[in-house]
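For reference, chains read A, B and C in written order, and residue numbers begin at 1 within each chain.
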Amino acid sequence: MTLTKIISNRWLLIAFTAMAMMFGGASQAADNVGFVYVSPIGDAGWTYQHDLGRLQLEKETGVTTSYVENVAEGADAERVIREMAKRGDKVVFATSFGYMNYALKVSNTFRKTAFVHATGYKLGKNMGLVNARFYEGRYLTGVIAGEMTKSNVLGYVAAFPIPEVLQGINAFIKGARSVNPKAELRVIWVNSWYDPGKEREASLTLLSQNADVITHHTDSTAVVQAAEEKGKYAFGYHSDMSKYGPNAHLTATTHHWGDYYVKTVKEVQAGSWKPTSVWGGYKEGMIKLAPLNKAIPADLQARIREMEKQLTAGTLHPFAGPVVDQGGKTIVAAGQNMTDDQLNKMNYYLQGVVSKIPN
Amino acid sequence: MDILTSILFATIVAGTPLIIVALGQLIAEKSGVLNLGAEGMMAMGAIAGFAVTLHSGSPWLGVLAGMAAGAVMSFIFAIVVLTLMGNQVASGLALSILGVGLSAFIGKPYEAEILQTVSAIRIPLLADIPIIGEALFNQQALVYFSWALFGGIVWFLYRSRPGLVLRAVGESPHSAHSIGYPAIRIRYMATIFGGAMAGIGGSFLSVFYTPLWVEGMVAGRGWIAIALVVFATWRPFRVLVGAYLFGGVMVAQLFVQGSGLEINIPSQFLSALPYLATIVVLVIISRDQNTVRLNAPVSLGQPFRPEA
Amino acid sequence: MLRLERRPEASQTMSYVSPLIAIVLMLVGGLVLFAALGKNPLEGFKVFFVNPISDLYGVSELLLKATPLMLCAVGLAIGFRANVWNIGAEGQLIVGAIAASAVALHFYGSEGGAHVLILMVVAGCIGGMLWAAIPAFLKTYFNTNEILVSLMLVYVAQLLVSWLVHGPMMDPDGFNFPQSRLFEDSALLPILLEDTRLNIAFTFALGALVVGYIFMFRSFAGFQMQVAGFAANAARYAGFSAKRMVWIGLMSGGAMAGLAGMSEVAGPMGQITEHVSNNYGFAAIIVAFVARLNPVGIFFASLLMALLYLGGEQAQQYLNLPSSISNVFQGMLLMFLLGSDVFINYRLRWKEARA
């Protein structure tokens, strides 16, 4: 049955190859850069921010780009990445953790292509790494939350207890407690990066448990929308989500990959690119706060602006000692900062979080 | 709102789409048609409802559009299984895949859009009852609709003549046909009703519940609704109870987490509870052959051809 | 008016022609869809169906992608023939992958050897069978509907693997990311074709198709299941054990799905993560039906299905279409097929409308 199809495919194949020989090679114009996305681009969220970076790259360097969205973090990713390398893309950006091993494998076959993997930890001969210090923004939102809360109860909707998420939670409570020692944080895990219904349900739960400022580390805008509906405050994440809650949205920790993409591609074109591991924050312009809501008092806004400068200058470290965990154990002594290694291995809550880590 | 009221409130909201969809499927199944496509029909209802609400500004038109989308999907299904006599299980699965895929496809441009939150309708006096008042009577219109639907279906199935005919068709299409009832046409209507309800359930998610549209937002609720019908042994009241139980388990799990109670259970296990609970209930009800035989439509899932 | 009229006996020819009708209708539907989206239909057709297999590597990827589909579908088909509706192959695949990974991780750091892979294969099959044994047991002892139980267990299996890779199976040197260690070479399936990812699991799949064929058409048990599928009462009169059929149906599905899971973790993935399965278990149901529950058909239907996945990726990269287009094609294919199946038992006749 399908046999006829296969035969006809052969003919098409021959025809296609002939066509490719006729027209191929003609389009030797601009370099192409490939992007692999883990979710649909949508209007806000992790992938959306990467796509903003892609658009900035197109605009500033004149390269062409192509992307594949919704690529599952399984075996299929390798084929998608390979296809990009095979057709001669100059740079391939793989933007989710689960692509690490596949990107590394393909990079070993296609030495002429530069690969950059976001959020992983394995560096290759021609594969660099990039990640952002999301927790810097989280700390600032924590400070705002600590000042803005009336109930002293904050809420956090989170996906999975990996270090990156725990860094955010802990930076948030540490920021809040730095200005309001009575602040406490409730965390609900929804076990999904993307289930707006459940995220909303978790937000409403937190709000009903007296939280009046909530935020999230999941990928939809449901949390901000829930806070808006209930007349409470929220912080967005990944993207500026103010249009989903004009009153509720105090600000958001936003990611900015564009400058890095531009820099990487220019280096690759110039032949000066070396695979490195970049973990950028305020200093590198990879983390910013979305515009501050006018509900935040002017003096607090000024303090936040000041802290942003300190973060940029490197004089403020969100995890400066003393860092004390939930059980009262001191993780980092006063006068010291948490090391990157410690950050990468974070698997506990800090003092002030009233929920328990499941497991 | 105190904690108890909030839990109750959230439970009812979470249960509502399940009730609407499951009651629709109950009618379809009572006529002998098993449609596993609820997930796909809900997804289509969700995107249709969202898109029409966005363009028209009226959530009610949105709900109508969701209903229509669900009905069209189930009509396609009905043609395949009732007229062309395709296998119901496989066709239902195909409908799910088609609906989820198609909705994502159509929904692409709508992922950037937002809707105004539809405000709840507060029923005077009743909403003033302590504890339960705010939870029960200050709800979205579709919550009240789900109760009305429940009442209507109970009346229809057990008190009305057409309901009797419907059940007869589900029991034995051959005998129903031989005494002059148009079995196929009745199955068509029941299936389309089921689809329409699934569409409304989907539009509840995208227009009232979240309110936004993203790919995959139905997140398995269609499947849960199908399980619920069996869980309820095809009885409307048990559908109601089951849906709230489902919603309650999920909500309670979130509340426990937020409250900081010591739970040494991985959260994945808590998330698995509703599915395990369904299996347990399925076992309990199916152990007793009589309960199943009394309620289950005998011809469920079997094709019927009048001249055969 | 047009009327359907029952054929005196089922048409053999039609049962082979109707999948072709379905494929043609799907292609027509696809062309219409491309046109409706403002894409050149022929260009769309080329990108979707020709580009993915335009070189040897592409073909190897097609076979790789088709492997788990073939395995799951042939196992399911055995059950479906006897009306045993296991729709939880997805969950059985995941549990098979978990069991195989447990073996691989157990031997991590040891000398290794052929026994590791052999044990992984066995563990994968047993894992899948154990998961399928739950609906089988509940069906045979409590008459619980296997459709719903096997489906519910899919969700449970997904949460189970999520917990494992966040906990007990997590790579201790992996910075808490939810994934296991990368398996050692001794726990990886040998590659069939150099410089590709096509591994020996493809031959497992071919073997499974052959065994499945022999079981279905050359064994008494296969015959019994066939009879039970066509006429449950007849089977009962003949004294065929319904319970046994439920067990055979679910165990074959579970074992093959488990093997598919093993071939994913020991093949292209090389580790276990939350994303073990890509809906192979569900897609295999479509494959089984498109293939008329026949192993020969399953071979071709799996290839077609795999091509739809690969084509979807290409359509995204070169036509800017969303990834959901693959699902749309798959759904269309099955709906058209189920619809055109009516011509096996019925034929169209013009009839004067009776006054």
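To be clear about the criterion, a residue touches a chain if its C-beta (ideal position, glycine included) is under 8 Å from a C-beta of that chain, and two chains touch if they have at least 3 such contacts.
Note that this is a predicted model, so its numbers are computed, not measured.
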Farthest CA centroid from chain B: chain A
Busiest interface, counting C-beta pairs, is B-C
Whole-Å distance, C-alpha centre of chain B to that of chain C, is 28
Chain A and chain C have mean C-alpha positions lying a whole-number Å distance apart equal to 34
Residue ranges of chain A touching at least 2 other chains are 40, 70, 191, 359
By the touch definition above, chain B meets two or more other chains at residues 104, 108, 215, 266, 268, 271
Going by residue number, chain C touches two or more other chains at 159, 162-163, 166-167, 322-324
Interface with chain C, chain B side, in the complex: residues 36, 40, 76, 79-81, 83-87, 89-91, 93-95, 97-102, 104-105, 108, 215, 220, 223, 226-227, 230, 266, 268-269, 271-272, 275-276, 278-279, 282-283, 286-287, 289, 292, 305, 307-308
Per the touch rule, the chain C residues reaching chain A in their complex are 16, 19-20, 23, 46, 49-51, 53-54, 57, 61, 64-65, 159, 162-163, 166-167, 174-179, 182, 195, 197, 264, 267-271, 273-278, 297, 300-301, 303-304, 309-310, 313-314, 316-318, 322-324
Residue positions on chain C within touch of chain B in the complex are 4, 6, 85, 87, 134, 138, 142-145, 147-149, 151-153, 155-156, 159-160, 162-163, 166-167, 282, 285-286, 289, 322-328, 330-332, 334-335, 338-342, 345-346
So, in the complex, the side of chain A touching chain B is made of residues 40-43, 70, 155, 186-192, 194-198, 200-202, 204-206, 208-209, 211, 220-222, 225, 228-229, 243-244, 354-356, 358-359
Contacts from chain B onto chain A in the complex sit at residues 1, 3, 6-7, 10, 13-14, 104, 108, 111-114, 117, 205, 209-212, 214-217, 219, 221, 250-251, 254-255, 257-263, 265-268, 270-271
